[in-house]
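What follows is a set of structures for review.
Two complexes are shown next, each including subunit A; its partner changes from subunit B in the first to subunit C in the second.
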Partner chain A sequence: MAIEVRLPTLLRSAAEGQSVVKTEGDTVGEVLRNLAAGYPGLEGQILTGDGSLHKFVNVYLDDDDVRYLDKLDTKVQEGSVISILPAVAGG
Partner chain B sequence: MTELGDSCIVIPADIQNKIMAWCLSSLPDEGCGLLLGFSDKGFVVDAYLAQNAAKSAKLYSIDGKDYLRADRQAEQNGYEIMGVFHSHTHTDPYPSPTDVELAPDPNWHYVLVSLRHEVPVMRSYRIVDSQIAEEPILPEEP
Partner chain C sequence: MPVAKSVLDLIGNTPVVDISTLSPNPEVKIMLKLEGGNPGGSIKDRVALSLIEDAEEQGILKPGATLLEPSSGNTGIGLALVAKVKGYHLKVVLPGNVSPERRQLLLIYGAEIIESPGSEGSNGAVRMATQLAKEHPEWVFLYQYANPANPKAHILTTGPEIWRDCPDVTHFIAGLGTSGTLIGVGSYLKEKNPDIEIWAVEPPSGEMVDGLRNLDDGYIPPIFTEFGGEKLLDRKTVVGPKDSIEWSRRLAGIGIFAGISTGAALAGAVKCARQIEKGVILVISPDGGWKYLSTGAWTDDIDVVTERAKKTIYF
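So, the complex of A and B:
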């Protein structure tokens, strides 16, 4: 199914300026991998080389941080929205 | 590519006060939040007051849910997240090495509030490729 993925401003240039991209997949990980396959500029920005979530992003499925769900194995449903957010921190 | 040294940021006085009040009320921890507005014009329309998930006097981390809410608020109102503010409780208003290392977006504005002295001091910076450039803060459009 096609899932809506919302991108932060920093990543939009790698997705032809789009803030929202419809991407196929049945789990969060599948959607993100398909997203990176469709927009190679996103490769390595969301997922690391070993396929895990990059530490500089937070990924939400609707209102929930996927780290507190089943991480990349979290199932998505029709109408779900995945939001990719930059981790904002400092000292 | 973002150019350093030729930008400014407009933060209306009431929003400057809102930011400083939030930083003071967050003591002893660092206070933080997101700047909402128009990045290309450097115009801040509102400040989203976020929880410091790090709960620390030396570090800050914007709570992920706060970021999500701020992002939705910005989108509903036709603007965007254009930067971040946070306080330094005991040091000057200048980006720390951690701030520079973790700066997520070269197009963002990074506002620092020092609470080192009795009167808070606010400064704004651009951070691109680990290079820091201060930019003037204006209370209204020039």
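So, the complex of A and C:
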């Protein structure tokens, strides 16, 4: 199924300026791998060479950080939204 | 109540109020710990006192020393208060897009403000302060993001207060900034009862960090990594400004005037309450609403305020 993936400003130039890209996949990892396959500029930006999540990237399924769900194996559902955001501090 | 010898003795020991009337689930209680009553107005007074007294004990702080700290506001204000009382000078690296009240409070307590680009958020303030610390080894860089005295404040005070006042707590929910509150309270509570779940709430980083050039400008507080934050947290959820403001308004509707990040944490608690069968959720209210009056969060049109909040740091 096609899932809506929202990109942060700093990754949009690698995806032809788009802020939202519809991408196929049944798990978060699958969607992210397909996304990078479609836009080579994103290769290595969200997932590292060994296939794990980039340290400074937070990936949310709807509003939940997938690191605290089933990580990249987290299942997506029709209508789910994946958001990619850089890790920032507060305080 | 005994008369306090110093305003610093008034830090901590904050009250908890039952706000279960706002819970969407009759089997789930929601409790709010009000940190706005600290003398500097936020939970960060605890951290500030701990950072400074720890440095004093280690002999790093000599009388009249100058401190340097990056802060989006509350830690800076807390440090400014403690520094004023103890006779230190403070320089705060502050992002340009914080509310004017935060800026004014720093000046009231005598701190010097060094402005960092608002478009880089707190990450930019951290980067600038780290650079300044290298150039000025004569300044004492307490660095709340990497200093164990930050979570220690909550292991020694906030955590035990919660356990004392609310021992039936099943879920602890707080905002994620430096991660000090979550790490400190979370590890204390898990040690008392490993079944207690720790949930983090954070604002969307989206528009706030348009100034970041690449992902390597991202930032994870060293204390989060060192204290095993990823293992400790059971859940991390994003709450946007609109929900945060709406829940701040609902709190005002039951007579509680708390800051926007309290609304965010409460929105996270309501989400949690909908997902669990029963329980007691303890939520941290980091500060009162006073510092956010200029944002119009309670009085202006919700959509206008939401747009404004997207450009203002309120965590």
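Methods note: the second predicted complex is superposed on the first by the 88 of 91 C-alpha atoms of A that agree within 3 Å, B and C clash if a C-alpha of one lies under 4 Å from a C-alpha of the other, contacts with A are read in each partner's own complex, and residues count from 1 in each chain.
The rule we apply is simple: contacts are C-beta pairs under 8 Å (C-beta built on N, C-alpha and C of every residue); 3 or more make two chains touch, one makes a residue touch a chain.
Quantities reported herein were computed from a predicted structural model and do not represent experimental measurements.
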First, second, both or neither for A:A89, with subunit B first and subunit C second: both
Superposed model, subunit A: greater residue contact from subunit B or subunit C: C
Subunit B versus subunit C as contact partner of A:Q45, first or second or both or neither: second
First (subunit B), second (subunit C), both or neither touched by A:K55: second
Partner chain in contact with A:L10 - subunit B first, subunit C second, else both or neither: both
Contacts of A:D63 with subunit B and subunit C, given as first, second, both or neither: both
Touched partner set for A:E24, first subunit B, second subunit C, both or neither: neither
Where subunit A meets both subunit C and subunit B, residue numbers: 8-10, 56, 58, 60, 63, 65, 83, 85-91
Subunit A to subunit B touching residues, read off their complex: 6, 8-10, 56, 58, 60, 63, 65, 83, 85-91
Touch list for subunit C against partner subunit A, complex: 44, 71-72, 74-75, 121-123, 126, 144-145, 175-178, 180, 202-210, 212-221, 230, 233-239, 271, 313, 315
Residues of subunit A touching subunit C in the complex: 8-11, 45, 54-58, 60, 63-65, 67-68, 83, 85-91
Residues of subunit B that touch subunit A when the two form their complex: 32, 34, 39, 54, 58-62, 64-65, 67-68, 71, 80-81, 84, 86, 95-99, 102-105, 107
